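First chain A sits with chain B, and in the next complex the same chain sits with chain C.
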Partner chain A sequence: MEINTPSKSLAVSIVSLVIFITTWELICRLGFIEPLFLPAPSQILSRAVKMIENGQLISHTLASTRRVMVGFFVSSMVAIPFGIFLGSSRFFMAVFDPIISLLRPLPSMSWIPLSLLWLGITETQKYSIVFMGSFAPSLLYIIEATKSIDPLLIRAARNLGASKLDVMKEVILPGSLPQIIAGLKVMLGIAWTCIISAELVAAREGLGFMIMNGKEYFQTDTVLLGMVMISITVMVIDVVFRKFERRLLPWTR
Partner chain B sequence: MKGLLRKTLCVLAGAMLLLGGVSVHADETPEKVTVIYGGSSWLGHYPAWVGIEKGLFQKHGLGVLFQNFYASSGRMGSLVAGDLDVASTGSISAIALMAAGSKGFMAFATPDSYATVEGIIANENIKTIADLKGKRIAAPFASSAHVLVLDILEQHGLDPEKDLTLLNLKVNEMPAAMGSGEIDACAAWTPHFNKLLNMPGNHLLVDDTEFSLYKKYKLGPGPDLLVVRKEFAQKYPNTCKAFVKGYFEAVDMLINDPEESAKVLVKLTNLSMEDQMTVLQDISWIPGQEQRALMVDPGDFVTGMQQLAEFLVKHKQIDNAPAVNEWIEESMVP
Partner chain C sequence: MDPLTPDTKIAVQNVTKIFQSKQGKKQGQEVVALKDLSLEVKDGEFLVIVGASGCGKTTLLNLVAGFDKSSDGQILLDGKPVTGITPECGMIFQQYALFPWKTVQENVEFGMKMKRMPRKDRKARGDRFIDIVGLKGFERSYPHHLSGGMKQRVSIARSLANDPKVMLLDEPFAALDAMTRQVLQEQLVRIYEKHRKTIIFITHSIDEALLLSSRIMVMTARPGRIAQEIINDLPYPRNAEVQLSSRYMELKRMIWDSVQAEVMKSMEVEAD
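Our next item is the complex of A and B:
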């Protein structure tokens, strides 16, 4: 079957999703898997309805969204100028490269003990976990995006009398922005993976908290609902991000 | 990797058993000579530890492997997943697992009754429960300490959602949080409970004897329960009997010779000998001959557990109260 239109592609995706959920429901209903290990989609839906009714689902989702967005926003605000700066300077890149290489492989969870000592059990500590989990990878994306600008363009601009600032404004930024935005979209998804670590200590709300608390009470449906909510929230934010991208980069349409 | 480790441990335990030389009556010979036990440094695991260290299981032809878990939920999850054979657990996790409909485990005894080894510790500015209003209090959620806090707040007319900030914090993270003043009070259990109490400025606000079910039934907020994997109990009845014998001999040793027991327990708890003896003084061990009255038809303890299940439903911690007596394995009750 040839998929040559967006509507056909959407139809195939919907059918595939329906088959996946139906098979999952059947496996659970026929008793092949104990609900403790994998609850049926209908059980997760029923938990969702219950938690929407008492307002918990919305408050957990909003709490996590706030933590991710603050941590990610601060991380991007630091990573974008710093990444462009490092991407345009070989000397400073050589200075900072070893430090970035040391930070890059560290999982967000490894920052929990230090962040607790430095920031205590505050909201800032939770933001910092998202920040540390997304900063180094974002920085690398931005450095690479900046480096990808054709040096010929920079030299040409210089020869035509452009100052360093002009080159930055007229060549490097417009040229690297599409790749930076694409990288940030990926990083936003990664920032969401930090939410479990961020809400592991001293949280009383949030999707990460909801998942871990559900685990303590063996409410596997709550655990899966939390996971589904993270995916849905990321999808919604991705749509918003794309709209923002189209406005910011009209020439890439 | 986990499987390989488990197999290696089993082989080692079997070899130790053979080298140790055991004499077991032929018709009661354990079908399986190794038992994997899920424990921690909490007092509910003292008998298993003493049994292992003093060779009481070995006397009955068993090698028992003590696997450490931080929380009861992880231990119970591993039990029903088939990685553990026997465990002691806080009742909250057992009830939560029952409420989730798991039939993969059974309960057969309660080793101890304790008081004053768990409680709410506060800084010097908080003199009464009413002073907690507007303050930050921490408890590990889904634990006996959490249940104690909910109950005490309810008894004093405080709403944990509106009147104060109740935070989810592990007991080992509490000393730093109390020290830095980020929390005003916390609920913990021994050995962390004792450590928190020894910190300057901290004092005991209330202990588990104030728990409403303790006042009525002498039942603490998270009484200990011995559980067995159902498939294991069905497949290896002699092994289970041998385990129960060795276990309750250890309980007898804890009752009759606490000092000798404390000498081996300090390796588990890292408490000083003095602190260890203090903790032991606060525990009432329940010997084997008293277990049937507690666990069968329906048994005082099982009745208390049922009350606890209903308490958890009332406080919206679980969805429904399971019929606890359906999870009792009578054949293993001594």
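Our next item is the complex of A and C:
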């Protein structure tokens, strides 16, 4: 079949999803697989209904989303100006390069024990995990993005009377913004990885906690529901982010 | 060195510029781009510098704008040495150098914004120069929606709005098609006649030089020096009639002879 319109490809995608879920449901209903091992979609759905009714699903989802957003926001707000500054100064790049190089390879997971020792099982500890996991890579994305600026534009700006600070604000920031945003989109995914890991290890709420708790009580449906919720939440945030991106970059239209 | 006359705007005094070549076979070797070059530009003069590619014309302009430092000698603007990038020498680049994320309006207002001029005054002055270059109605367009000729007009308006003492134009029309180029040349002459800015204009087109200039300098190939100086006494407006006059032909022949000699010399250098 030839796909030549967006609506056609959407239709194909929907059919594909329906077939996938129906097959899964049938395999479980026909007793090929133990429900404890893999519950049917309908079972996950009824678990979802129950958890929506008692408010747990929403509160876990919101808890994780809030943690990601706060950690990611703080990390971006520090990384963007700092990255632009480092991208425009060879001296300070040389000063900070060894520190960034040391921090960059550390997976966010490796910060969990230290953060627990320092901050305990607190919200601040969750934010700090997201921050530590996304800061160094964000910074590198932003430094890289500043290098894509045409040096002629910096020259032109200086020629029109812009100070070095003006150049950062008026030329380097807007000029590298498309690439910064592309980088931050990737970082948002990483931020989710961070928070789920942190919640799997130690938490009192959140989707990671919900999954781990489900496992403790052999509620495989809760585990799967948590995973589905992560997917859905990340997808929703991605759509919102894209809307936001278009408003921020009117000249790319 | 002669004492400067009071109406000297720019004085280039014994300027030498040496580059270290960074790549290729000649890595680490010194390239003398300009050697002991001196020239003066008077207030309100339209100086066109003609030269083959690679003769150091752009290097000279970059030194005047303060983008680069000379290895020896000095450049004076109104009697004071140029030590760094100065907005008093407004540069127009061949590649326009418009900010893609700013509208025409915002581009034209950029210099005034840097001077922290109030928004209202900025807008009024910006509108005036957008009108002068004939771009009324395009204030809210982004550069990538404009043609090359329109982009260069925005760039000219942006420079004029910033009120520089001197305008430096580095082969500004080289990337445009012949028709557009002619329109912009005529527009530039009109702007020059009206605003009497001091202009240094670089080109490799002899016709362009004759059409625009009040004075022409021919530059030699590496190391760049002044080979010939011609006062362009052709009457304004330099319309088709002037371009067919015998004086025009005479001047063109004169310039061509010295440019040709320089091109031949530089080709020999390349062959070495």
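The rule is short, and it goes like this: the second predicted complex is superposed on the first by the 242 of 253 C-alpha atoms of A that agree within 3 Å, B and C clash if a C-alpha of one lies under 4 Å from a C-alpha of the other, contacts with A are read in each partner's own complex, and residues count from 1 in each chain.
Assume a residue touches a chain if its C-beta (ideal position, glycine included) is under 8 Å from a C-beta of that chain, and two chains touch if they have at least 3 such contacts.
These figures come from a predicted structure and were not determined experimentally.
Q: Quick one: classify A:Arg29 as touching chain B (first), chain C (second), both or neither.
A: neither
Q: Quick one: is A:Lys169 in contact with chain B, with chain C, with both, or with neither? Answer first, second, both or neither.
A: A:Lys169: touches no partner chain.
Q: May I ask you to decide whether A:Arg246 touches chain B, chain C, both, or neither, giving the answer as first, second, both or neither?
A: So A:Arg246 meets neither chain B nor chain C here.
Q: Pick one for A:Arg104: touches chain B only (first), chain C only (second), both, or neither.
A: neither
Q: Looking at A:Leu160, would you say it contacts chain B, chain C, both, or neither? Reply first, second, both or neither.
A: second
Q: Go through the superposed model and pick first if A:Ala202 touches only chain B, second if only chain C, both, or neither.
A: first
Q: What part of chain A is in contact with chain B in the complex they form?
A: That would be residues 34-36, 116-117, 120-122, 201-204, 209, 213, 215-220 of chain A.
Q: For a test of understanding, state which residues of chain C touch chain A in their complex under the given definition.
A: 65, 67, 85, 87, 89-91, 93, 95, 97, 99-102, 110-111, 113-115, 142, 144, 158-159, 162
Q: Within the complex, which stretch of chain B touches chain A?
A: Touching chain A: residues 71, 73, 76-77, 80, 93, 96-97, 99-102, 104, 138, 141-142, 165-170, 173, 176-177, 180, 182-183, 317-319 of chain B.
Q: Quick check: in the complex, which residue numbers of chain A touch chain C?
A: Answer in residue numbers: 150, 152-153, 155-163, 166, 170-171, 174-175, 177, 249-251.
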